[in-house]
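Chain nomenclature is as follows: A, B, C, D and E, assigned in order of appearance, with residue numbering initiated at 1 for each chain independently.
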Amino acid sequence: MPLLEVKGLSAAHGLVPALHRVDFHVEQGEVVGVLGHNGMGKTTLMRAIMGFVKVTGGDIRFEGSSILGLPVNARARLGIGHVPQGREIFPNLSVEENLQVGIVGGKAAMAGTVAEVLELFPRLERLLDRRGGALSGGEQQLLALARCLCRKPNVMLLDEPTEGIQPSIIDEISETLSALTRRQDITIVLVEQNLEFIAGLCSRVYAISNGILDRQIPREQLTDSRAVSEFMGFVT
Amino acid sequence: MTTINRRLFIKSTGAAAALSLAAPLVARAAADPIKVGGLHDLSGALDSIGIPMNQVFQMAIKEINDAGGLLGRPVEGVIYDPQSNMSLYSQYATQMAVKDRVAVVMGGITSASRETIRPIFHRFKTLYFYNTQYEGGVCDRNEITLGTTPAQTVRRVIPYAMNLFGKRVYTIAADYNYGHITSAWVKRFVEENGGEVIETEFFPLDVSQFGSTISKIQAAKPDFVLSAMVGTSHLGFYRQWAGAGMKSQIPIVSTVFGAGPEQVILTPEEGNGILSCFGYYEAVDNPTNTAFLARVKAAYPDNTPTISEISEVTYEGMMIWADAVREAGSIEREALWEVMESGKTYDLPAGKVSIDPKTHHAIRDVYIAELQDQVFQIKEAFPQSQPEDTQMVCDLVADPEANKHYEISL
Amino acid sequence: MTEVEGYKILRTRGLTMQFGGVTAVDNVDLDLNDGELRCLLGPNGAGKSTFFKCLTGQLTPTRGEITFKDQPITGWNTHDIVNLGVGIKTQVPNLFNGVSVYENVRLASRRKHMPAMAREIAEKMMEKCGISHLARREVGLLAHGQRQLVELAMVLAEEPSLILLDEPAAGMTGDERDRLAQLVLEAARGSAVIVVEHDMQFIRQIAKFVTVFNRGAIFREAMIDDIMRDRAVQEIYLGKQANAAA
Amino acid sequence: MEKSAIRDPGFYLMIAIGLAALFIGPLVVDMFTIMQVTQYVVLSVFALSLGYIWGFGGILSFGQAAFFGLGAYTFAVASINIGETTIPLILSFLLPAAFGAALGYFMFYGKLSDVYLGVVTMVVTLIFWKLANHTAGPEYVIGKARLGGFNGIPSIPTLNIPGEPDAWLDPAQLFQVFMAILIAVYVGLRLLIASDFGRVSIGIRENETRASLLGYDVRKHKVIVFSIGSGIAGLAGAMWATYQSFIDPNAFGMEMSAKALVWVMAGGVGTLVGPILGVILLQWLTLKLGMMELLNSFVVLGAIMMALVLALPKGMVPTLRGWALTGWTLARRGRGAARAKKPGEEGGAG
Amino acid sequence: MDYFIVVALEMVRAVAWLVLLSAGLAIIFGMMRVINFAHGEFLMLGGYTVVTSTHAGVNEAVAILILAPLSVGLFGIIVERLVIRRLYGRILDSLLATWGLSMLMIGGVTLIFGNTVEGIASPFGGMAIGAYQVPIYNFVLIGFAALVLFGVWVVLKFTRAGLIARATMQNPAMAEALGVRTSWVYMATFGIGSGVTGLAGGLIAPVTGVVPTMGVNFVGQAFITVITGGAAVITGTLSSATLLGTISQATTFLAGPVYGDAALLLVALVLLRLLPQGITGRIFKRSL
């Protein structure tokens, strides 16, 4: 049984359709990527799974049962973690407080400790007293990831974590997540434009275009980046 | 005009709706009742004063009907609630005069409401009784004014208090016509009696914080405080005065305390010892009053109103009007004026009352009383006080067409 | 890097925009010739839209200067800048939703022209953009691609001397995109144009000289063919593995 | 929206109803009803002033009473001093409009928005109310007019025929003049809304950013809209003063501002008929409640307000129009076409 | 010198008064961006709870400190469930609905209690400062104003609930995505805000007395204090109450209460013009 399964999912922004009958699944411990441009529906897909976007058709199943009727917070408490595009740090909370919100929002049993998470993100350690809004984009991204991991989510929805971030931090994120997946600790759905990042982490990659998720890019093609570049429109 | 309107009236669909709107509330008695209008605030800021007035008004109607009605016809009350809202006052007044065609109207509480409706009744020739104590100066033959004026009350209570407490007076007053005019009278009477008003402060009706004033009064060290404070917000003054422990230090004299149910809203600790002056207290000791209070209690056993001058005078208004109707054998106002202007004396709960033909104001007994445990104890009575202030500016005998509210300059 | 000579209609010096700890636009020096068509590339979050907002006065830059038509417009009100001759199609279309397509476009042309002329221009622009058949429709109910075209028609109807287009091709079908490319090329004959776009097919249809943004700063400026071959540029888009592709 | 007022049948229907009431009303209805309706007419003008700036300029003012009161006091003071009412009536439009322009400049050039805008307008109203209440003393006199504080100004002249100060209007004539003013204000606003200026206002309401990105000076535009609304509110205040022949500080009251909000809200924001219907319905109800001793009128009015917000958030006119349109679509296309489109334009019938 | 102390004390009391009047409203506005126009009537309800329960023989302190906040808090929760909940994100609609609620409450209380109820005397009496008498109860008011602000600060700063509240205030969608039941947070916030308002109503009842319409006198001041303060509950309330309270009280001493009120309004007007998002919209941004 897949941990997370999306079946025939359609969604719309008002009257404008954004997702068409999207199907995919994620197994426990797997890292699945979704590659696509801006405006193709990547973020909408993430937000639909999380419950922010109204679904017009299809189903989303988590651990075998449908979560469509659940509000966002209930999905979060089931163990779905979300690292949204734009990071959505609480700007006036300190870094430490940001992390604590990650813990207190969840079930007590699920909660890790701030200390455990800081081991994964040593860079945050010396920033603990800083205001979230005062961090650089890269630091904010680390914080968003750490905040999500504080809750030990069963599956993590990761929305463009490399957006606008210095390469050193992209590498850091990549390494941290690789380490976690190697320990089979975590299941991730990752939407990205950055091929390197997605190829480095994901076992399977789907391509999304105009709200249609129809192609799975085979693992071997990921290393043949010409095919992917073509997909991205860089090569004629 | 009337005939045309009646003819057109039937054609109009809109008028039918308006008619159903205007259907009186009190059940129609036998055919062709005499309608009397009651226009008192039953909701909004002044309802605590308006509701007892309305209760007594209805009781008076019932008493008149129980005694066989007037001219063989029953009396029917037309009661509207202007909700302490001046534009509703003006609407309902018009409605009573033009549509309901009431014989007489009792009503209006503040001077503002009176000045809203008085011109309307004057214009439509509908007899009007204003039953509230006020600042004086209305000169209008159509209005019978039965409440006390400063010349009747302030004039008495100032020398009484100066005699008791001393000659230095600190005046605090509500910031509107009544307060301004009353404090001018206070100043005049204090000075006439050889005293001094050391300060006069005015407070908008919505002020409820008096800390700074209480400090100022303490700094000024008057012999007593003269209060012409009005309304529920201003009651905060008495509470805060007591809260600061000032009650034992400087006495308070008021020209208006007890017009509404103030004495039962304040606790005894807050209210005891306040001196005031009115044309009526429940404590007035005569058989008419005893019987009157018993009837009030019987009519409203569950929600017995505290009777103040304003509500008692409303009862007076109804009784004086009914008497005039009986004697004149008519409800036409000219005939009623004649009876009332005849100098006839009425025996009423407040004592002896007659109407001054020059001003259409009441000549009446006035009392000074002190509040003890939420009940006024009468200290002194002044029989047959004249409305001298209004008399200074108004002579309806000489000028029956007068239609003005004078501000009496001192 | 190719230097293009001519009258500089737009010039920024040291333009910087910070939000708290995040630097969205970082010390940008950009020059634009009159009548030039410039493409602005860069991954998400590179600061392109923020850069546009600084140019139009929607944001006041933290530091730096902007000169347009030899006027220092830094800190000016949006409408004053616009009235100097700037037209912008924003990333998420900003439209008058409750009213019709025609009314939207007409309000754009009406700013400069008398009613009769404004009507004529509005109709012409709708025709050009292929939305005449939608003229009476309420804008709020249109699909994304159609909304993009409406906004484009509005920008063209303003007849600005500098046109800023933020992701004009997003949400468009192939045909719509081809038409858009023609429109942009045509517009560039009369005005200077800056286009921000991710759609590489579209970019190749129109681009000559290209500026690449990365993390708020100018990363490269070169002709499109050089950019397409530039490994570093592909890297910032796709990550290091893109190397192999070149 | 581009369907101009000139071609809209609803517009002519409204004018026809208005003219019919103006000419035929006094002939068929008794005087009391005429006076009653006169009141609705006055308050409708007031409601239109807010309906315009809110519905067609996107400016939500909690302090429309400031201008209403200012107009009323301007008229009272000027007419008592001049002894004639035509110039005061004009002044009562101009002075509030000028004050509205000044306040608008203060607010819109300060980039105040939504709830803060509301508070500032409310505070201005409160200041007027407090100061007007404070003018009880004899020292507050303007020319021959005592301001009178809480008690207000009595004996305000009834309107007279222009140029003939002694030719006072009787209630029927007053009704006719007021009805004419209402029609003029309604027609004027409809034409204004249909004009390019009005369309830009609607554009600003729909999307301020786009309006400024087209080069329209949003601030200036809002100041003008606000000032026109203020002038109309002032005119309504003057009509109120002369209708009641007295005015007191409650003209500046929060309740007056709030009532205007409720009328517009109940009738429908973005229409001009809505505010008028709102006035008629709610004023009629208030009056009726005051004549029944069933329930405290506050209870009923409060309940109605809450019900309106919860059940008819768009107001009566747009809701009814929506129903009508749905019904029409259904009838025309049969059951399959139940997805009725939203009405394509504001104020189509308004 | 005595007079100076008395005047200063009166200013502090005026500040405390504004803090008490507006704290509950500030909590609700700061957290939820909802303007509760029935705020004055919530105060009134607190006052009535105290007066009626005291007359029924309940100890005054118990009535003020326990019954008033509890009953008004519960009432607030019911109101949130039935009305406010449906109007999130619609500032104006919630304002109009709560205005309707305020009329409903005035009418309802009038129906139940009538329009006049005997008040309770203010406890403790007066004390002497030099030649002057001041009410001891003033110190109670000042103390509780400080306590309310301090209490809110402690809760927000040091408790789990406070952390959740602050996170929700800054970014409700993200808080929700982290498992926070924001609808519960809002309900609790409204309840607590109402409870604080109930306490304030109970505290002011001995000073002003109770009538059904009393709220009207307070809602304007509370509203202006909150909006002038801006979104931060504690710093906002404290800074605007201090500024408005001292200036208006100083003006009252110098020129009388009308000018005091007018000064309060004018200062608020100028402040909002200069700082369109309130004091804490510009300065003290990061505070609670």
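Following the convention adopted for this analysis, a residue touches a chain if its C-beta (ideal position, glycine included) is under 8 Å from a C-beta of that chain, and two chains touch if they have at least 3 such contacts.
No experiment lies behind these values; they were computed from the predicted model shown.
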Exercise for the section: Note down the smallest number of touching-chain steps it takes to go from chain A to chain C. Expected result: 1
Practice task
Give me the chains shared as neighbours by chain D and chain E.
Solution key: B
Practice task
Give the chains in contact with both chain C and chain E, ordered by label.
Solution key: A, D
Exercise for the section: Please flag the chain sitting at the greatest distance from chain D, going by CA centroids. Expected result: A
Fill in the blank from the handout: Relative to chain C, the most remote chain by C-alpha centroid is chain B
Exercise for the section: Would you mind telling me which chain pair, B-E or C-D, is linked by more contacting C-beta pairs? Expected result: B-E
Problem - Inter-centroid spacing, chain E versus chain A (mean Cα positions, whole Å) - result: 43
Fill in the blank from the handout: Rounded to the nearest Å, the gap separating the Cα centres of chain B and chain C is 76
Completion exercise
Taking each chain's mean CA coordinate, chain B and chain D are separated, in whole Å, by 37
Exercise for the section: Check each residue of chain D and list the ones that touch at least two other chains. Expected result: 130, 133-134, 296-298
Problem - Residue numbers of chain E (touch at least two other chains) - result: 107, 110, 258, 261
Fill in the blank from the handout: chain C residues touching 2+ other chains are 141
Problem - Set of all touching chain pairs, with the criterion as stated earlier - result: A-C, A-E, B-D, B-E, C-D, D-E
Handout entry: chain D-touching residues of chain E, taken from the complex the two chains share
Key = 35, 83, 86-87, 90-93, 96-97, 99-108, 110-111, 220, 223-224, 227, 258, 261-262, 265-266, 268-269, 272-274, 276-278
Exercise for the section: Enumerate the contact residues on chain A facing chain E in the complex. Expected result: 50, 52, 71-73, 76-77, 82, 84, 88, 90-93, 97, 100-102, 104-107, 131, 147-148, 151
Exercise for the section: Would you pull the chain E residues touching chain B in the complex into a rising list? Expected result: 3, 6-7, 10, 13-14, 17, 107, 110, 114-122, 124-127, 131-135, 137-138, 206-209, 211, 213-214, 216-217, 249, 252-253, 256-258, 260-261
Handout entry: Complex interface listing, chain C residues touching chain D
Key = 56, 58, 77-79, 82-83, 87-88, 90, 94-100, 102-103, 106-108, 110-111, 115, 136-138, 141, 154, 158
Handout entry: For the chain C and chain A complex, residues of the former touching the latter
Key = 20-24, 43-47, 141, 143-144, 167, 170-171, 198-201, 204, 215-216, 228, 234-235, 237-245
